[in-house]
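This is the structure I want to talk about, given as structure tokens.
Labels run A, B, C and D following the written order; every chain starts at residue 1.
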């Protein structure tokens, strides 16, 4: 409490990066804001579903939604996974500065696009352009996340225990996502469903690998 | 504070499930994320209401909204109830791991569908397909919740005081919801309104029973 | 901390109402959920504004939005005010139980309707039905809030210092809102703008009176 | 804890402004509510993007979205920046009162309009009226923020260490935003793209200057 009274005013920006304990309220606000954006973005995915009010044959209209539903399932899994990765990254942060806040906003701007690109993916299931748009969106998300990881590592913003973990494992694991989505772009020209299946396969495998990696990081910190 | 300094980096996943106190910030973030998704989903229910801007006879258009309003009331009660059950389940958790986080995301994916299926329920009041779609949605919500309860019980993630309560009472109470919605599916083919009335009756009775059960759990923990 | 370990599992419902300190996490979760719903509902008001994408004369289309903008301003002020009142009520709570949680959900269900009734108010500025719909919505909000105040008072859930304040001042102040909106219903048949102006006048006067009342409560608690 | 027990009921309004520690829960609730509104408003920007479901040539339709995308990028940067400034202002607050809460609501009402004015900006790229509407919106945001800064300074609600910083630097930096948007209005009549480029240039320069200013404030408080 005494420490809190000593430096109650601490604008986030500045030459020095405030330590997490020193500016706990501010740090929590950034985390809460990011989580709020994630929670809203993931919930807005439902707006991609929707049938026009005047359908004569409801059963037929609902069964025709399978592309929308597939896009919903893919995007929910993707946003959920991206959120968990972001969650882990912020758990590994010891300090932050205004540049990291800016990078985080750029990253969130890419995440918030997902409900839009996901809706396009559901509405234009046969179009390679829809798959490519979605892939570009997720490549941007990965790169913006990578920028945060690299910056935090270079500026020593990460807990010492987590430094190696971030550099050797979390960073490469994230780049794999970008590479897989890049590979899916040429595949989309041949078959759009094949591109989506590739995402799902990589997602299921990647999730297991990522959890294994995170568990290594966890045992190393003990 | 010293404990926090000992293990500041704790990726949620891994072989061991972090205890709630050890990873309080992370646990709260998951709870806050889930609550955020619930709050957004329950508020998006209002988008199911809506009259086209050019209605000549507003009074008539508003009075014709009674199916939308019924769907809104049912869904608000359902999501509210589901949220309270989720709230109680997380209050009973002592620890968590990455699998539980994944199951929770699957569960939230089912919850987020409710604004869509509720809007369909309001727009197509006479169609059995709308009632069936809604019933399937809530059966999925119940099963995804059951998966969390069973997993948490098997992996000993629940406070010892709450273990019996979860297994004997909360789990079965949740399955009753799935069964009632399953029963309402054949009824919907005969009369859609009867199916909805069944939900309401079970909801009112179920709420009282559930509160009684929770109160038993409460007094047992004293 | 020791107290937390003694009774870590405390389902909200039950014969006894948990004290705020005993179940601080649970209480905060309910408050955060309510605040989240308020924040989303107030932000969704912007969806009431909107011009069709193909307007040839944008300036004309924007200037024709003055009814939508008036509805937006009224609703933002109303929801903001309702939130502050709710905020004060929860600050005065010492304990809570499952019935209060249920009443709070009913109340939130009425609040969430405001973006819908506000959009109707903006789109059908000349129709008494739009004014009446909005007035009924706010009467329901007031009554649902009154139910919470009365229940909390009867069950002794309010801090002793705040008890008199709640009963003598906050309750009556809230009922005045219901009465004003009830009075505006017959006025709407004569002139819809007059009804809206009445709301604004009462709002400005009421806000000053309410702050005076709250300040009395504040000095009394010293 | 003892202090909390001494004055558990503290209605926010009243003659005296509660100190931040005395009413930490209430203060956090206001901050969380504001952050929630920001998070939702920034996420709703995605609704400005959107192509009609029946486009025959998706690639063409997507490439025609560059005005919508520019509006999205500008608005995400603007709302993000406005949020950081609000964030810093609240970090500098020692106390608050009901007038500041009211001013904050007026300010949020202006912020919430941005998803609407941003969507108009994207849909009517060639119309000066769209640029002017957006500029007016941001001038209102700046003025409503200035009102909070001036009020907090006059009523001594700011931490002593931050007082000079707020008056000499944060206030003027905010007014520059209002002036730049005012200057862009006549430019919009000549060229709408030039007006938008002016915003972007000032945004990039302004961000660096603002961070420099904040860093001065930070080192001064050491």
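Points to keep in mind about this one:
We take it that a residue touches a chain if its C-beta (ideal position, glycine included) is under 8 Å from a C-beta of that chain, and two chains touch if they have at least 3 such contacts.
All values reported here derive from a predicted model rather than from experimental measurement.
Between chain B and chain D, the least number of touching-chain steps is 2. In whole angstrom, the spacing between the mean C-alpha positions of chain A and chain B is 25. Inter-chain centre distance (chain A to chain C, centres taken as mean C-alpha positions): 35 Å.
Among all residues of chain D, those that touch two or more other chains are 32, 36, 40.
Interface note: chains touch in the pairs A-B, A-D, B-C, C-D. Across the interface of their complex, chain D is touched by residues 7-16, 25-26, 29, 32-33, 36-37, 40-41, 44, 98, 101-102, 105, 108-109, 112-113, 115-116, 119-120, 123-124, 127, 129-130, 133 of chain A. On the chain A side of its complex with chain B, the touching residues are 31-32, 35-36, 38-40, 42-43, 45-46, 49-51, 53, 55, 58-59, 62, 72-73, 76-77, 80, 83-84, 87-88, 91-92, 94, 159, 161-162, 165, 207, 210-211, 214-215, 217-219, 221-222.
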